[in-house]
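As structure tokens, here come the structures.
First subunit A sits with subunit B, and in the next complex the same chain sits with subunit C.
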Partner chain A sequence: MTDQTQNAPRFGGMNTAAVAPWVIAAAFLLVMPFIFTSNSAITIMNQMSITIIFALSYNMLLGQGGMLSFGHAVYMGVGGFFCVHIMNMVEDGGLPLPLPLLPLFGGLFGLGLATIVGAFSTRKAGTVFAMISLGVGELIAACSVIVVAFFGGEEGVSGDRTYGLPVFGVEFLQQIEVYYLIAFWLMLSALLMYLFSRTPVGRMANAVRDNPERAEFLGYSARWVRFYSFCAAGFFAGIAGGLFAINYEILTEENLNLTQSGAILLITFLGGIGFFFGPILGAIVFTLLQTVLSLQTELWQLYLGALFVATVMYFPGGLAGLLMMHAPALRSGRAGRLVLPYIKTLGPALIGVLALAGLIEMTFHLRHASLGDHHMTLFWVDLDSHSLVPWLVFAAIMAAGFAVMRRNLPELLSAWHSANATGDRS
Partner chain B sequence: MTAMMQGGAVAALEMQGLRKSFGRTEIIRGIDLSIAKGERHAVIGPNGAGKSTLFNLITARFAPTAGRVALHGQDLAGMSPFQINRLGLSRSFQITNIFPKMTVFENVRCSLLWSMGYRYSFWHMVGNSRALTEGAEAILEQINLTARRDLPAGVLSYAEQRALEIGITIAGGADVIMLDEPTAGMSHSETDYIVDLIGKVTQDKTLVMVEHDMGVVFGLADRISVLVYGEIIATGRPDEVRGNPKVQEAYLGAALEAEH
Partner chain C sequence: MDLILVNLIDGLVTGLLLFMLSAGLTLIFSMMGVLNFAHASFYMLGAYFAYQISLFFGFWMGLLIAPVIVGVMGAGVERYGLRRVHQYGHVPELIFTFGLALLIEELVQFLWGKNQMPYAVPEVLHFTAFSIAGNSIPAYKIFMIFVSLAIFMALLFVLTRTRVGMIIQAALSYPKTVEALGHNVPLVFMGVFGVGTALAGVAGVIAGPVLGTFPGMAFLLGSIVFVTIVIGGLGSLWGALVASLLIGWLTTFAASYNVAFADILTWIGFTMPADLDDSMWRDLWTLTMPQIGPILPYLLMVLILVFRPHGLLGKREA
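Take a look at the complex of A and B:
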């Protein structure tokens, strides 16, 4: 599933090694609702799946095509808005469209918009493309408060998925039914996006990303190659929009504004743009942070921002790049040497980071809690944010954690070198 | 008489009154040259004479200030590099111009796609085409990079990247091949190998190449043009050019001496 292993299946399509991840993923999606049965867990998983499709579609631009877009939410949003309107037409009895097909129409509307915008925005990559994407994003977000009939103004538009024709008796009243509908579209979209990257135009997207000039001397117009990727990305973003409409039954301006476009860039980059599965990781981690962490702290966006900055600065390959860094050691069977050094550095580092987060939380409490409210709970401990003791304790833990990490870091580095050393391979 | 009608056949490449200025300096100062189909033509000249610029004009990397270029009699004015490539002209670059993040195999396979008719297809799987895979592997074998197949092209040594540059250029099977200093920076044995390869793959094709190594030039070329200060001061068979006093004065004497 990576850029590097694309040559594994030589003839006759996908071999077992290429099919295995898909089968595992499908099985995983099937059993997840049996492991996490609560309604809120299913809600989180639905959101995750939609975000995965959206992030994968974004990476068709950024990772595979080298196009940095600041306005990709527009295609998901517009696809979603259209789907809510279609849902309402179904409800009004005019349209006999089964609900499971709705995302396809979201995709087609995303594709339609991408065809129009791509016609002028893909002429150049780089800054020009980025600026146009930003402008178009701003323009359509502005339209959403102007064209109230379509976008519903500030309240957005809402619909009801349950009024459609029942499909084999399923009326999509329950979250779990929606879950499987989304899971189906997730598998289908991810597979199609993966296969797209294996087609001539998908391969040339990488070539154009690397060196557009050389691609032109091989017979390909860099612009047309970008255009095709752009349209495909718009299509799959539209599918994500359609699923969003089904899942939430409402779309607002927030679904297509620049914040949303920024978020998908962040998610994709966090997961890693160099590997197909990178955006999937990014979407999973982001959704967990957004849903689980946001219940714990109001400051979750601060931590997310810090994580993003750290990724850009220290791990430009993202989570996927970080994982794939270990592939050589795993292949040579020497990854085991890394386990203990990792525990000895990352353990204390994690404790240090948590203690730092504790200090930040206390600062926030000190500044923002109502007057006289000195009581707060941090890591299941009740404490008084106005007394000196917890501050000293957290500061000491943080200092100790980072100090131990620093002391053990050389050991990790030498273990890394020994695990990745070539030459002495027997 | 123009070379249009040489031997009754249309010239593979024909330049008329070609000029190029960068700002106020004129780099190419009026070039008329006709290269026949199947000819192996070398362009030589001192550094900065404008050889690469001439290549860039022919392949539409730059637009000429004046004059025209025709490929098999077809005027190339206003065309893009990709359109010219589709007409059967392929070129290499003096400064290596490859896809550094893609594997060596991918580099070659991408250079085969258009010529094998895949165009902008999004309904074929490249991994499924036996012809494509075997074609790319054959090229890798020819340029001695089979062992490097799955490495990112960017990590290859300089000489290996030069070989890949040539591989990418010849992969599509264009019938006019233009090579800008293909052997620059290669060792003697590598040069011998590549020259041999160029000779083989350009059999029955038109070859235009810029080359500083006089041994290579006189061994490979049917005709030579000497470019000095943006003008061709002589064109002819190797022995004619070698004996031309103007050439010896301007360039070749010094270069031939340097060879020994």
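Take a look at the complex of A and C:
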């Protein structure tokens, strides 16, 4: 859990290097709908943006505060449920509230719930916090079936975003209008969350994460610092919930339960909890993987689970950590030496992994396809899962791929060392 | 009165089953400081392995072999997974076991599919042991009680009366000192992890036929097991026992007495609103005891954490 904040400019000296990523991101968000114009692409981008806000808010706890939560979906869900209810009240004519402001109320309700729960759950970090968050999360998720008036029971609650007051003539009938609304909130909340991590409270959250005892000796209450982070995370999760309510117009028990909380943990950790942009990366990659893989294979959750366990075991820095490992080599201008060894090692490894996935798919087909169904399509090739030939071919490709990777691995390692060596300017 | 007796037996079965899981979990926690999120997944693996073995060799071989396989797998997970992640700290360890739980559920779905397996009570135990005022108690429940009690006794004996148990107890509190005395503490850790997961496996083998063998069984029971050890006090074996029985009886009694909240509210002195659909408190009036039964353990846990943070019998602050 390293944090590259020593190099970041201070508040006063806001220079172009600090502003540039935000300007680029905003421009990117503006232009994206013109590049990917199809409706499904905009749907995916909406989902992605909501996930990014949610993942960033989760990382305020896990990455910046060192608090592992198994119930973060609750704050997003409850914020979303409140927003749907507000939407229905607007529809009934009781409230004059323009739709773009709705996520703010979601955030406030998320904040309210986080204040109540945080009052007793932030006493300790680590395992104890994780357990309490799990218990509270399960409690509220289980309540959703009981408190039907608020959570709508099994079928959830639904609303209609278009009945609100039109804002400058925009009624939010079309996906693209919703996209720009979400994009606006994404930029705003991401910026606010970044600035929060630069405030003294945000800095103290890092200190408390790394060494609560020393922070207490300096005179800070670790509990209060955790409490503030927790409340802020609840607020932004609520904003994500409000956007979810606007985008999907329905919330159910699925938005509250452990599966959802686990998914956001997975997304954030895959992206990398050590850097601010890690969860953003994780949300983008996860959403793309989800849409692409789930179309290709029924087993995508198995692959995702395996990827997650491998990440925890071998790359605890996640995707962002892997990328930032290359920063020293890039800065010294020796990253070019890594390109060829990477291709020579990772190329065969990728082929090996794909062949392994082929074997897994064939096993799955062998066990679960209906009787007499021997035919399957794998990597655009038609084959018979009950004959020996495809098995041998895939096993041979896998073995060859991994063998070549093993042979070329020392070359990559030495290239890595020479690219990162300090001192000698050879 | 008769119903109370039946419920007492039912609750005892649930409670002892919970205890078999929570005992291993709490031992592992007090030793390594890591909560094994995948503990209930090993319970599920036990049920599935036993089902697979029972297809070929019958139920009893399943009861013998499946826990051993699960225990070996658990030891392997500790040796090659957890020990590696341990260097990063407790939070990554917890994340690792969480990922493992996800992965095991997916693997089970991959191998056995999403449907419930036809894993059934063996023929020998398929009769009514005795009946209390018309409520028959199946022999399998009595068998479950005896297996759990036997395991509890054995565990207690090993932990308090044998040399191995002494070393384990010492390693719980002072691992460094025990290591300095020449004991292989990592091996002890691996052993405890293996035995703990094997216990979960036993629970799976005997619970599979009653509670159903399906991919969701791990997460269904898993969170209740965590609640149990938090209520009992993290690291306390006796606390785990008390909390398991408490939760077992609490949920059983809540499920079998159809007390409507409307009656209680009327008894207190509130009057029922004429038009329920318009009332804000509609849900409170229509609530019944069996409905809130499943959330009682979580409610109890939140209360315990607020008012008695180290659990019922725990010594360390939770």
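As a convention for this text, the second predicted complex is superposed on the first by the 415 of 426 C-alpha atoms of A that agree within 3 Å, B and C clash if a C-alpha of one lies under 4 Å from a C-alpha of the other, contacts with A are read in each partner's own complex, and residues count from 1 in each chain.
Simple rule for what comes next: contacts are C-beta pairs under 8 Å (C-beta built on N, C-alpha and C of every residue); 3 or more make two chains touch, one makes a residue touch a chain.
Note that the coordinates shown come from a computational prediction; the quantities given were computed from them, not determined experimentally.
Just subunit B (first), just subunit C (second), both, or neither: which does A:Phe196 touch?
The answer is first: A:Phe196 touches subunit B but not subunit C.
Using the touch definition from the top, say if A:Gly93 reaches subunit B (first), subunit C (second), both or neither.
A:Gly93: touches no partner chain.
Under the stated touch criterion, which partner chain does A:Glu138 make contact with: subunit B (first), subunit C (second), both, or neither?
second
Counting residues of subunit A touched by each partner, does subunit B or subunit C come out ahead?
Subunit A has more residues touched by C than by the other partner.
Identify the partner contact of A:Tyr220: answer first if only subunit B is touched, second if only subunit C is, both if each is, neither if none is.
After superposition on chain A, A:Tyr220 lies in contact with subunit B alone.
Touching subunit C in the complex: which residues of subunit A?
Residues 62, 66, 68, 70, 120-121, 123-124, 126-128, 130-132, 134-136, 138-139, 142-143, 146-149, 258, 262, 265-266, 269, 299, 301-302, 305-306, 308-309, 312-313, 316, 360, 363-364, 367-368.
For the complex, which residues does subunit C have touching subunit A?
Touch residues, subunit C against subunit A: 29, 33-35, 81, 84-85, 88, 90-92, 94-96, 98-100, 102-103, 105-107, 109-111, 113, 219, 223, 226-227, 230, 234, 280, 282-283, 287, 291-292, 294-295, 298-299, 301-302, 305-306, 309, 317-318.
Could you list, by residue number, the parts of subunit A that touch subunit B in their complex?
Subunit A residues touching subunit B: 4, 6-7, 9-14, 195-196, 198-204, 206-207, 209-211, 213-221, 224-225, 228, 232.
Can you list the subunit B residues touching subunit A in their complex?
So the residues of subunit B in touch with subunit A come to 59, 61, 80-82, 85-86, 90-91, 93, 97-103, 105-106, 109-111, 113-115, 118-128, 130, 133, 149-150, 168, 172.
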